[in-house]
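Here the structure comes first, spelled out in structure tokens, and everything after it is commentary.
Every chain is named by a letter (A, B and C) in the order it is written, and numbering of its residues begins at 1.
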């Protein structure tokens, strides 16, 4: 396999340790971290802003800078997800589910440590999977057709609802609500406008980022202000120290199966173009819940560290996966990749099947830089964690206005649209109402992301299959996924039925 | 190329006193799509050379003014078009347009909040003809094979209203061949890969894209609607071969325009700036290497003429696009 | 499964049911492909809302969930909170995002939080400077300056 030429790989790593390369790497990593923390910004914005700078740089340096930015945003995004229930980037939304309860218990340092370690390790595992897949990237991309996307979307939606246990039906309602919200706007397939009521702003539908910021961050701020006090309702500030953080770092290693599974899901889902990090993170989360022992399942959503490790390893591993279709066919596996691709083109490289032969050295520099930046990011996050985690003890009267300012400005800065701020507020109310009535919110973002995919894939599948869905049974890949869906439901129901039979009262 | 550049330089030295006032501040080039696409890449590539041109022209009056690409995606390009139409026609805001894509409302006779014929058309920067592609290992070896297929052709596409979709509809309508469109693919790479995977039989791509995507030889190009079939497309027929030379008018144009009402002298300056950038040796080399065709004209009038010809061609088929 | 009207969740379930009905009604006017998701999603939503409304989803130990969800917050606190959060957005719309952030933070800390004047003022101003420096200066993103500033956009 020429792609795995050791001399080229070795040169790439040596290049990385040259002084100017290291500077670019650290710079890119820092930028990615800062953007990851601020809600509404995230990796894609950072990359897009880097484009003009990169143009005057040498191709290798540009790649190193970009690689530094690319995979790192979810690492710092986890920090705000844990501290303030505000995902720094969309894929961090799943981390809020168990990360925030941990912060409320005064264990923010522990959670951040686990998240940072899971992110760093997940990113590296993702790269390793990527390297393993390099010889067969083409086959992988050609294996997954709209048929499989449809089934994967269904798998995602089904497992996410199941993961909420007794609240399955309420979770489903929230998910269905999400599907309807996601259908607002111009329909790609028919060209028809749905639920826009003549409003220009709604033509493209609701944007994911303002909706998520509102649904999670703003609703949480409403809650916090009404509740008074601080985020950490119990525990002591002094307990947050480096020791607590390092204890957290050990968790992903102790629970290596969760880490590995999460990374595998992240890489796998990342390899499917258009599905993206949010889905990877949520899928990892719900599969972690589904595969947990029935007695442990109830603790999810209340501060189970596995609920932090799974999504965080997935959302960093996904960048490794996202390189698969990007390198094989020039089809971006994620939004960050799309921007990254343009940088490649601006430097005269042509992504596609021949990039492995024409620009192999650049590709290995990219992979080396991505792996290294993940590690650097984790180290930086872990070092700063105990200081940052003390934010959970800041009083609501101080914290809420500050978070609100960042949230609203973050939402606005996405597209410089004041209507995005209104959207954020509106969904803040919606999210809060669901929260107040005990309706699990996890299905909502997944429905918004997967709903359109499911719909488009459904019609594509029909067309490809000449008007019937029989094609689902003709393809081995589809059958495997269908079995997975049935398997998840069965495994889950079994746990549900046996636990309710044997239970008298809850502990 | 160098001669042209020198000529342009002479021209601007001669006309310098008249246009000393422009540019006064940073120039904005609006890109109607998100970062990472063909329009975005081309605009960003050209921007530094436009800066170079304006700097040379203003001489010592030039205050480090930048040409800033600005992404404004939304409503399939409509948002940017409406924004640009509302800006002051002082040359500080221009936009890259997708023709006939942006012209679809005009072609269909619908109102979209902007009138494509009313902008100040400055120059073309790129664009391409179309090719018909199939999978190399598939059952179709020639264009005629496609026509001979019993039943409708299955055609993966991005969505109704994209230029390649219009190209597909016109092509197959010309031969009275039915097409069943599978919409929903995210990009031209995506839907061409779909053909490879077997989701559909055939689709169309811009010629430059086809060259780029076909470096590994996965595709077979069976037709190229151009007067001269590109040598890279061995075995492809063109319009003459199939008795429909008018198909050679099918093409995508990437053009730059400012809001309506720009001063003719200012338009000329912009036209020259764009020609300078496009014809710059660096850009030509990049274009050849990455397969992104670039082309500019020598006057705004010629640009408008080509625009209207393209729109006129597509307007003939407006009934097919009624969706 | 006993059937019993779920009174606690009534104030959410009724609007949700109305939402589903509304979606069904409007969605049915669209073409068959466009109507697909709105139609089925709203139908399922109606069914599931009815299910919950009639108390059919309740298992043995739901009382604990009920208590936890309300979390000891009475409606008065909640309404006041929602209102105050809205005030920020209104302020931002009128005077701009960063000025609103400064004023709002000061008011929150001083009047509602009982913090001392220097502390409240200092924090607000520093926040404003950080926001300005980060967004306008480093990221070069022009932030919303308020509805009174003309010529903007």
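Note that a contact is a pair of C-beta atoms (placed from the backbone, for glycine too) under 8 Å apart; a residue touches a chain by one contact, two chains touch by 3 or more.
The shown structure was predicted, so the numbers you read here are calculated from the model rather than taken from an experiment.
Student: Measuring from the mean of all protein Cα atoms shown, which chain centre lies nearest?
Tutor: A
Student: What are the two chains with the most C-beta pairs touching?
Tutor: Greatest number of C-beta pairs in contact occurs for A-C.
Student: Please name the chain that ends up farthest from subunit C once chain centres are defined by their CA atoms averaged.
Tutor: B
Student: Which whole number of Å gives the spacing of the CA centres of subunit B and subunit C?
Tutor: 43
Student: Express in whole angstrom the distance between the two chain centres, defined as the mean CA positions of subunit A and subunit B.
Tutor: 35
Student: Measuring centre to centre with CA averages, how many angstrom lie between subunit A and subunit C?
Tutor: 22
Student: Of all residues in subunit A, which are in touch with two or more distinct other chains?
Tutor: 189-190, 459
Student: Hey, what residues on subunit B touch two or more of the other chains?
Tutor: none
Student: For subunit C, write out the residues touching at least two other chains, lowest number first.
Tutor: Correct list: empty.
Student: Would you mind writing out the residues of subunit A in touch with subunit C in their complex?
Tutor: Checking each residue of subunit A against subunit C gives 38, 49, 166-170, 172-173, 176-177, 179-180, 182-183, 187, 189-190, 192, 194-195, 218, 221-223, 225-227, 395-398, 400-402, 404-406, 408-409, 412-413, 416, 418, 421-422, 425, 428-429, 432-439, 451, 455, 458-459, 500, 503, 505-506.
Student: Spell out the residues on subunit A that touch subunit B in their complex, using ranges where they run on.
Tutor: Residue list for subunit A touching subunit B: 47-48, 51-52, 55, 141-142, 145-146, 186, 188-191, 200, 203-204, 273-274, 329-332, 338-342, 345-346, 348-350, 352-354, 415, 456-457, 459-460, 463-464.
Student: Once bound in the complex, which stretches of subunit C touch subunit A?
Tutor: 8-9, 12, 16, 19, 23, 26-27, 30-31, 33-34, 36-38, 41-42, 44-45, 48-49, 51-52, 57, 59-62, 64-66, 68-71, 73, 77-78, 80-82, 84-86, 88-89, 92-93, 97-98, 100-101, 104-105, 108-109, 112-115, 123, 127, 131, 134-135, 139, 141-144, 153
Student: Could you list, by residue number, the parts of subunit B that touch subunit A in their complex?
Tutor: Touching subunit A from subunit B are residues 34-37, 40-41, 44-45, 48, 69, 71, 74-76, 78-79, 154, 159-161, 180-187, 189-190, 193-194, 196-200, 212-213, 215-216, 218, 286, 289-292, 323.
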